[in-house]
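Alright, structures below, take your time with them.
In what comes next, chain A is part of two complexes: it sits with chain B in the first one and with chain C in the second one.
Presenting the complex of A and B:
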């Protein structure tokens, strides 16, 4: 009974992370996207902490703390600052309409489930569910990167994708902490690089709309 | 026999509490906006006043215009009778299920839209067309929620779902969480609450429900408003019954059980109404062209709920 409850709660938190992924796809304003991302990271931290409690694995608390401090607080604040500095907080942008993005998102969730089900045919039903949720979060992050034109939202999509990877890692038993720390720091380094990159793009093109970069691709003419 | 008694009690109870619920929502909203607000029992006075007044009908109005308020009210009231509120032991419970409920609500909406177009004013037609657009988006979402719930519980009857959930047969399900989110979005749209429609507006460009019923007065207006209030209470009762049925009296429970059920129902209504008022205060109204995003989101949540059901059941 208690076992069942702990699995159920883990899945509910996982589903919250997934819903935040859909929330990001639904938002059009940059600040709303950033806030939803912070919420997703918060839910991820809760998922990691709950798994640490259930699996009796103290190192997962470290994962939760990393997710909370870096991804739910530091990165959103840094991105807020960046967006304000760049003066693009009023941008409303979607390459594909919201409705279509959501439909594609649901199709991706179905795809994730169809991928996970045959691979984990021998695993318990509960593992399947958490794996398919994590896989869906990864795919939604990719979708976010594909459908958005703005560089900031693309970075958020990248980090949402990475949230999905961590979600998969904490749901499966026994991922060593070294891996997680390296992932967390690489994200932080990536953040810094992206930050510099944003300023460079804007200096060069006066915009963060990646549409302008496309004329520099060789294959159009 | 007791089932008939409790059914009659419920029919009266729903009608009697509906104005209070709406009045409470208005009062809390006024308070949150920094106004004093009319007391929560103001809607009862409004009804008394409206029933005293003469009903003015436009020259161009046909019998549809006169019949619509009564048909709308009757269908919504009947729908409110089949949702268990304080006990599952009601006479009509086996007769109607969630799909019938959706159909009854659709009848009410259809007649309101007809009446809106009947007089031939521009606003009526505009409101009717918008209402039908919202309905065509909200109804599939509501049916999707119904399907995922009935897949969990194995039945589409609200009373049976309550028995199933209270029996401890279901834990915290991801699907139920998704279905609840979808249901809340549908309820907001169906009742014309703020992100979709503003119940207090008289600004021509934004009104939907108000535009359709603009021509009504006197007892007709009282009927229309009563239907609107009963519909709000009905949706609150439905959400409470499907997703939080705790405290509801089972068949065979005596008078103490019924009283507990009524107290629990009052508490649930209080929480939902207060939450609605708070939500309406903090959120801004949506553009008409974004309705499809919002309600499409509800439909997709319902779809996801069904998809996850198949994963967790491991079919």
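Presenting the complex of A and C:
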């Protein structure tokens, strides 16, 4: 009974993370994307905490705390601040229309489920579902990176991809804490680098549209 | 033991010359060492061919971690050991004197022993790994020597083309041997012999083997590197590359198609005969046109490889139809031509080296009258040229005659393609032999007869004793191999016996001096008797001429056969000799363009007649391949200029594609 309940709850939280991924694809405004991202990170922290409780693995609480503090609070606030500070155009510029993006996203989720379920036939049910959800989140993050023009949305896509990785890591038993900590720190470093990068692009081109960056490569001429 | 120690001494010699290359005498010492090693290897091969030890194996614990290096010497290896090390020894002895004049000798001598080492190791290899490594050793060492005189742009181009073709050849042989080893991964030849190679695998093995060894041997259209690379190396190396390295390639062909594969269809035999016939005719046609004496010889090598491949193809066709006796005969003929060509081509290249040493000229139209200045070299070169033109009683005749005799049995095969095709190939072979005679009459006549065309030819002096001795030994070998054909074919039938499964004597009907491959009343030949009769007739003619000729009164003619004034330009030239043949085949085979530039009125400069020729293979095959490569490179080049999102998209699509592949594969 308790087993079934814990499974259902884990499944629910995982599905919430995935839904948040779709939500990010759907948003047309930059702040809404950031808020959805914060929500996804929050759901991720909840997933990690629940796994810590179910698996009786206290180190996953640390993971949950890291996800909560950095990804759900620090990174969205920093991005908010950057967007305001730089006065960035606040609509999401798409390379592929939102409807199509959603359809491709659904196809990717189907692919992930088709792929993961047979491969992990022998693993515990919990791990199987979580892995397929985590893989879907990763693919959706990538999709976000390639279908949005603005640099901020690309960073958010990258962070969402990281969320998927962490979700996979927490739902597999026996993954050491070191891995998650290092992922968290790499995200932090990436955040810093991106921040500096934004300033530089902005200073140079008065825009964060990557299109300007492409015309400026020295090897083109 | 003898063979192993001789083989090991070769890399040591290379190290020695790298260490002491500055010392003048070191080069002579190194070549003397190579000579001794080759003689040891030769005698080792002779012992094995005599059947003293059977086919000894040797397994050494090196190479890839899970493999050991396997070596084995059977009759076929022993025969090729003889072929290679005979020429190798002579070329080494020749090089002692020759390399003194070579300004780039420090770039040649270190690689020469390695080249010999590679070729010999190919022969004794008994697994795919050793075989391929030795094969590459041979290619790369010879490539370095082609590049020795790299100040000339032509040589750099030759080396680049050669390297590309060598890589291509190995690239084909690697999967061929891999396919024979199969998924089990047992790379020993012994395991490959037991494999059943039919269907697609067998087809691919034969195709890749023909491409891989054919590119090394110089089969049309894979021959383009050969006339560039062979002349670019110093002459003793050219002699080995042309006379010997092509034979190592043919050894690979025989080893795989007759020994390891063992079940090749008759269609492949037919294909080889067609390719061989075309190779022979194309090679010799180009040889007739050449002005550079070494390029001429290299093209003649292409021709002779074609002749050998006709014999081998015929052997495959006979073997596939169970005519083992005729297969053995064809194989004996092919092997005999391999032996002969290695001897006379080495002789011709070394002779060309002597001419170049004496005059500094490579173009035959700048030579002339050399027979008076270089009597020994000239006489030896004449023997080689006669052998290459397949004139009796020399060795070149016997083997081509044997191949022709075997071809006459070809229409007896049950397939209509062969019934019709074999006579055509026979006609091609006959045409090639006739053109070869024209080619060497031209080469010898222009270079050695007549009067000198330049001061360099006028002041040429005979080369050192060692070089002359090498030439004389090789010329002697040409005569001996031609005069005792039955002894040679009997030895070769020992070699052929394990490959075709029958033991036979070419001289079955008539006994020792008479070669009668088919039957005693359809065709027989005896070099021995021919020489006896020839010598007797020659003596009689000389006696008669002396008796009656000298007493007649002689008067000089007013115009003295057009030679009254001593202007060498009035002589027949090389291009004019070749012109009729160029006219006949000009438009198609050579893409020849002739143009005459007349001086404007009032200008007293001479009119100029220029001829340009290009091998159609360059445009037809390599030009297209180059075009395809460029097109592909352009496509790839676009990837260098994608946007950031473009790169991400590419990675994403690749990932999704691979995931799809995994998903689909596990569903099925």
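In this section, the second predicted complex is superposed on the first by the 210 of 221 C-alpha atoms of A that agree within 3 Å, B and C clash if a C-alpha of one lies under 4 Å from a C-alpha of the other, contacts with A are read in each partner's own complex, and residues count from 1 in each chain.
Basically, a residue touches a chain if its C-beta (ideal position, glycine included) is under 8 Å from a C-beta of that chain, and two chains touch if they have at least 3 such contacts.
For clarity, every value in this text was computed on a predicted model and none was experimentally measured.
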| task | Have a look at where A:4 lands relative to chain B and chain C in the superposition and call it first, second, both or neither. | result | first
| First (chain B), second (chain C), both or neither: which does A:26 touch? | first
| task | Would you sort A:137 into first (chain B), second (chain C), both or neither based on which partner it touches? | result | neither
| request: Look at A:102 in the shared chain and tell me whether it touches chain B only, chain C only, both, or neither; answer first, second, both or neither. | output: first
| Who does A:12 touch here: chain B (first), chain C (second), both, or neither? | first
| message | One more residue to check, A:146. First (chain B), second (chain C), both or neither? | response | second
| Which partner, once the models are overlaid, touches more of chain A's residues, chain C or chain B? | B
| message | Once chain A of both complexes is superposed, is A:129 in touch with chain B (first), chain C (second), both, or neither? | response | first
| request: Within their complex, state which residues of chain B touch chain A. | output: 171-174, 177-178, 181, 290, 292-293, 296-297, 300, 303-304, 307-308, 310-314
| In the complex, chain A residues that touch chain C | 95, 108, 111-112, 114-115, 118-119, 139, 142-143, 145-146, 149, 210-211, 213-214, 219-220
| said: Touching residues of chain A toward chain B in the complex: what are they? | reply: 4-5, 8-9, 11-12, 14-15, 19, 22, 26, 98-99, 102-103, 105-106, 109-110, 113, 117, 125, 128-129, 132-133
| What does chain C use to touch chain A in their complex? | 640-641, 643-645, 648-649, 652, 655-656, 659-660, 662-663, 666-667
